[in-house]
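To keep things simple, chains are lettered A, B, C and D as they appear, and every chain counts its residues starting from 1.
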Amino acid sequence: MNASVETPAGEAPEAERSRHSRARPVASWREHHGWSAAASLRRLAARPFGTLLTVAVMGLALALPLTFYLLLGNVQHLGDALGRNPAIGVFLQPGQPGATAQLLAKQIGERPDVATVTLKTPQQGMDELSKMQGFSDALRSLDDNPLPYVLVVQPKDGLDATAVGHLTDDLRALHGVDMVQDSGSWRQRLDALLGVGDRAVLILAGLLALAALLVVGNTVRVDIASRAEEIGVLMLVGASRAFVRRPYLYAGIWYGLFSGVLAVLLALLVEWSLAGPVAQLSQAYGGTLRVGGLPPWLLLAVPLAAAALGWLGARLVSAWQLRKAA
Amino acid sequence: MIRFDQVSKRYEGGHEALSQLSFEVAEGEMAFVTGHSGAGKSTLLKLLALIERPTHGHIVLDGQPLAKIRAAGIPKLRRRIGMVFQDHRLLLDRSVFANVELPLVIGGIAPQERGRRVRAALEKVGLLDYERQLPVSLSTGEQQRVGIARAIVARPALLIADEPTGNLDPQLAVEIMELFAGFRQVGTTVLVASHDLPLIKRMRKRVVVLDHGRLVADVAAEEVL
Amino acid sequence: MNASVETPAGEAPEAERSRHSRARPVASWREHHGWSAAASLRRLAARPFGTLLTVAVMGLALALPLTFYLLLGNVQHLGDALGRNPAIGVFLQPGQPGATAQLLAKQIGERPDVATVTLKTPQQGMDELSKMQGFSDALRSLDDNPLPYVLVVQPKDGLDATAVGHLTDDLRALHGVDMVQDSGSWRQRLDALLGVGDRAVLILAGLLALAALLVVGNTVRVDIASRAEEIGVLMLVGASRAFVRRPYLYAGIWYGLFSGVLAVLLALLVEWSLAGPVAQLSQAYGGTLRVGGLPPWLLLAVPLAAAALGWLGARLVSAWQLRKAA
Amino acid sequence: MIRFDQVSKRYEGGHEALSQLSFEVAEGEMAFVTGHSGAGKSTLLKLLALIERPTHGHIVLDGQPLAKIRAAGIPKLRRRIGMVFQDHRLLLDRSVFANVELPLVIGGIAPQERGRRVRAALEKVGLLDYERQLPVSLSTGEQQRVGIARAIVARPALLIADEPTGNLDPQLAVEIMELFAGFRQVGTTVLVASHDLPLIKRMRKRVVVLDHGRLVADVAAEEVL
């Protein structure tokens, strides 16, 4: 103990203090940012169980919308493929010559909502019909071919029921067309089903976005509340609000970043575990189905967006909590 | 340096902790505030650091009316004041060194300079060996001394200490008080709340006596016996 | 102040203490339970913002599986209806008499995997065929009806592709059957799609169950951590671990209960908001589709189960946290 | 009542806070423990309440070796001890009344009886009017007195007080000490850690003096001057 007379240097304390504090505001500000980032990280590391829980909850909340994005993308894919509009049969009036049929085929094939048009001659129709057992004998006994020309019109993929309805109406109105055969009711059912799915996904996405927001906010709120005493001390020794708040903002950023990374990992896990059934499905479609994965930019964007979200949550809650402090 | 002008403080739902208090303390002066438990000593010091606001009256610090300082200006005021709290108020998850360093970090002092000053302050309270420990592993008296080191480390213009020797043995208490008295030489104004009458008598400084929030005596240094 | 000599009564303090504490252990135990339940409730009410956030997060985590349950139920419903196995056409060999056809129809109709069998006579076939324009003239000119008897077999609802395949094979093997026509590939596609859906829902349900558990655990952990000081004081004045823990267990029960109620309300909201599209879908099916809602017992069971979950989470975490306390 | 037998305590990573301490306190006796800041006074009291365990030696309380008490038995031991903590240790979100009532609730005393006893204890420390307030709205000395009321309310067989008058004015300190001394009449053993030498001299009780964890003096009541 050396309790007495090595008193502070002879100059006035005020003068000295200001000499230091005014000389290097930027350096000290930068230094405190670095310190805050490191200190908040160290605090998270100091209670690994709690940090892990928080990151897990946040990560799951973020992973769920991501997984939905993935699933919805693939299901729409599948739905589009499954719901590929069935071909429409256009029966020309009996007796229309082949030239008219070819003209009509060309004309229809130029429509923007039509993918392909296949022309079936009466002979081809007869051949098909003869292949169906039970008819062969009967038809072979006909000397004249009574069948008309038929155009098999394949609508573009992704047309909805209304658009297909329009197409059908247009085809029906064409000169020389006797009858148009489509399977509208099936298409209507699928669209209604997809309508339910869309609504459901929308609701779930809303709930999940809310959950993610709540988790971030709640975590930071609790973090600050549990450090009320520390904040009080900092304010008492003259720390500004920005100074006090900085480590919490960094904590928010860290939480967000880690949660975002976790979310991406979980989504990749889901993608990987879906690979099996999707391949199976792809096989059922004769290998024509592309499997939609997460785009690479998303893998980077999600952690960054999550970090921004964490920062925002921390900022909102800390502003609110610190208003209550002295 | 300090002027109280008819200052009263009534806590919400409580009785009047301070009633129409008027006194002045000159720059570089050292004064004691004393009185029974609950007399209003801590309240008086809290008003100076704007931890509480008076319900009536005016306080002027260093020519600046405190009533004019809004919330955003409080940190700046507090950086000019060194304060020893009756309940220490240390950061429990940071080392003794980090606790004492805090006002310097907030004040933006460069790291090397900080280390030098923190060690000088710790040496003055006899805790140089405890630099790396956490506050919980200190005895109460040692914690109190960390609080004292933190209050003096930034060489404040005003030092206010609330019962700074309540957990110290008599010998150490005298040493700390002499440390405070030494600050006079650099122009620091010192205000100490204490109930330790023997110590106050021994120090022979001005004494302000409170009783149920009223100023009942203001004894000049020369008159203390 | 009355600082001195009204000292405690003349008897030895130990004797008196034990007289009181041993006389009414059950009453005091019951009293403390009541106090804990009320006090924990009061504490939640004292910080409404935090409590609301916690309950919201937990409630959402519980609402999501519930909503899934609801959605999955309805989608399976729809899937079953949509995926109702298409009828199988069984063409008998030409020339088989009507009696054989009727016998076969009866025989097939008794199979457990068959819903209905409709017999189409050659005449009915001819009538249908004549209704298709373009054939009418040609067929009318035949003097002899070349068409065979046809049995239209409707498999039971809910049979999967394999079962339908078995049925088809069996039908093909029947004596007198010429050809069996089914649309296996469509069925295969739907099953593959449902396979993806099942797997996806399983994954999501797993993630959500984990999230609910984590939220409960995290909330109670934070609750206890933020009251470490209070717990320390209680232990210092001689409270047993059970005594200290009781309010937290009740807090867990309250959190769970409120979250469960919130989850049920959210699920009902989803059910209500789905009513529109489902009605639309039902219309597309000609009104035959029943809409599956949440069963009433679930509305009661979910809050109770949630309360039990909250209690369990609080118990696990408190045991863990209190081991660290003195 | 209390026997220390070659007791040493070394904190993890710290130096030896107590070294080979041996002394006895008889049932119904009142004794002071004194020594400089960091001498080991608080550590000694903490060993008695099993807040800390000794690294060497044996402590026997009321015929019961403390080393034999496992974690599950600690609450029962603590219910027989009234303890005043150097840092008060009040529940900040419960009223003064609820704080003082705590040991009675834990002990399973009936509510009406509790109310009577809490008020009697509060009256003894002069805080009967503060019953409904929260601890934060009390001065530090008032908080200390709430802690004292809580320690005596359950009429413990052993009362240990760590610096119970550190935040009290001299007059109040004497009154509290006399309150403690009065418990002798009902057979309560009292052990008080204090650095307030004038007060200790005035009380004329046995004094145990620690210095850096060693017992350097054990002065019987008659020899105190």
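As a convention for this text, contacts are C-beta pairs under 8 Å (C-beta built on N, C-alpha and C of every residue); 3 or more make two chains touch, one makes a residue touch a chain.
Keep in mind that what you see is a predicted model, and the values were worked out from it rather than measured.
**Student:** Counting hops between chains that touch, how far apart are subunit B and subunit C?
**Tutor:** Counted as steps through touching chains, the separation is 2.
**Student:** Can you name the chain that lies farthest from subunit B, using the mean of each chain's Cα atoms as its centre?
**Tutor:** C
**Student:** How far is the middle of subunit C from the middle of subunit D, if each middle is the mean of its Cα atoms, in Å?
**Tutor:** 59
**Student:** Could you grab the centroid distance between subunit B and subunit D? Build each centroid from C-alpha atoms only and quote it in angstrom.
**Tutor:** 29
**Student:** If you average the Cα atoms of subunit A and of subunit C to get two centres, how far apart are those centres in Å?
**Tutor:** 24
**Student:** Can you list every residue of subunit D that touches 2 or more other chains, as numbers and ranges?
**Tutor:** As it turns out, subunit D has residues touching two or more other chains at 172.
**Student:** How are the chains arranged in terms of who touches whom: line, ring, star, complete or other?
**Tutor:** Its topology is that of a ring.
**Student:** Can you work out from the touch definition every pair of chains that touches here?
**Tutor:** Those chain pairs satisfying the definition are A-B, A-C, B-D, C-D.
**Student:** Once bound in the complex, which stretches of subunit D touch subunit B?
**Tutor:** 11, 13-14, 34-38, 41-42, 86-87, 133, 137-142, 145, 163, 166-172, 195, 197-198
**Student:** Help me check something: in the complex, which residues belonging to subunit A touch subunit B?
**Tutor:** 1-14, 16-17, 20-21, 24-25, 27-29, 31-32, 35, 43, 46, 229-230, 232-241, 243, 326
**Student:** Which residues of subunit A touch subunit C in the complex?
**Tutor:** Of all residues in subunit A, those touching subunit C are 49-50, 53-54, 56-57, 60-61, 63-64, 67, 71, 74-75, 78, 82, 91, 94, 133-135, 137-139, 141-142, 144, 146-148, 178-179, 185, 188-190, 192-193, 195-197, 199-200, 203-204, 207-208, 210-211, 214-215, 217-218, 221-222, 225-226, 266, 270, 273-274, 276-278, 280-281, 283-285.
**Student:** Which bits of subunit B are touching subunit A when the two form their complex?
**Tutor:** 49, 51, 74-81, 83, 85, 89-93, 102-103, 105-111, 113, 120, 123-126, 150, 154-157, 172, 175-176, 178-179, 182-183, 185-188
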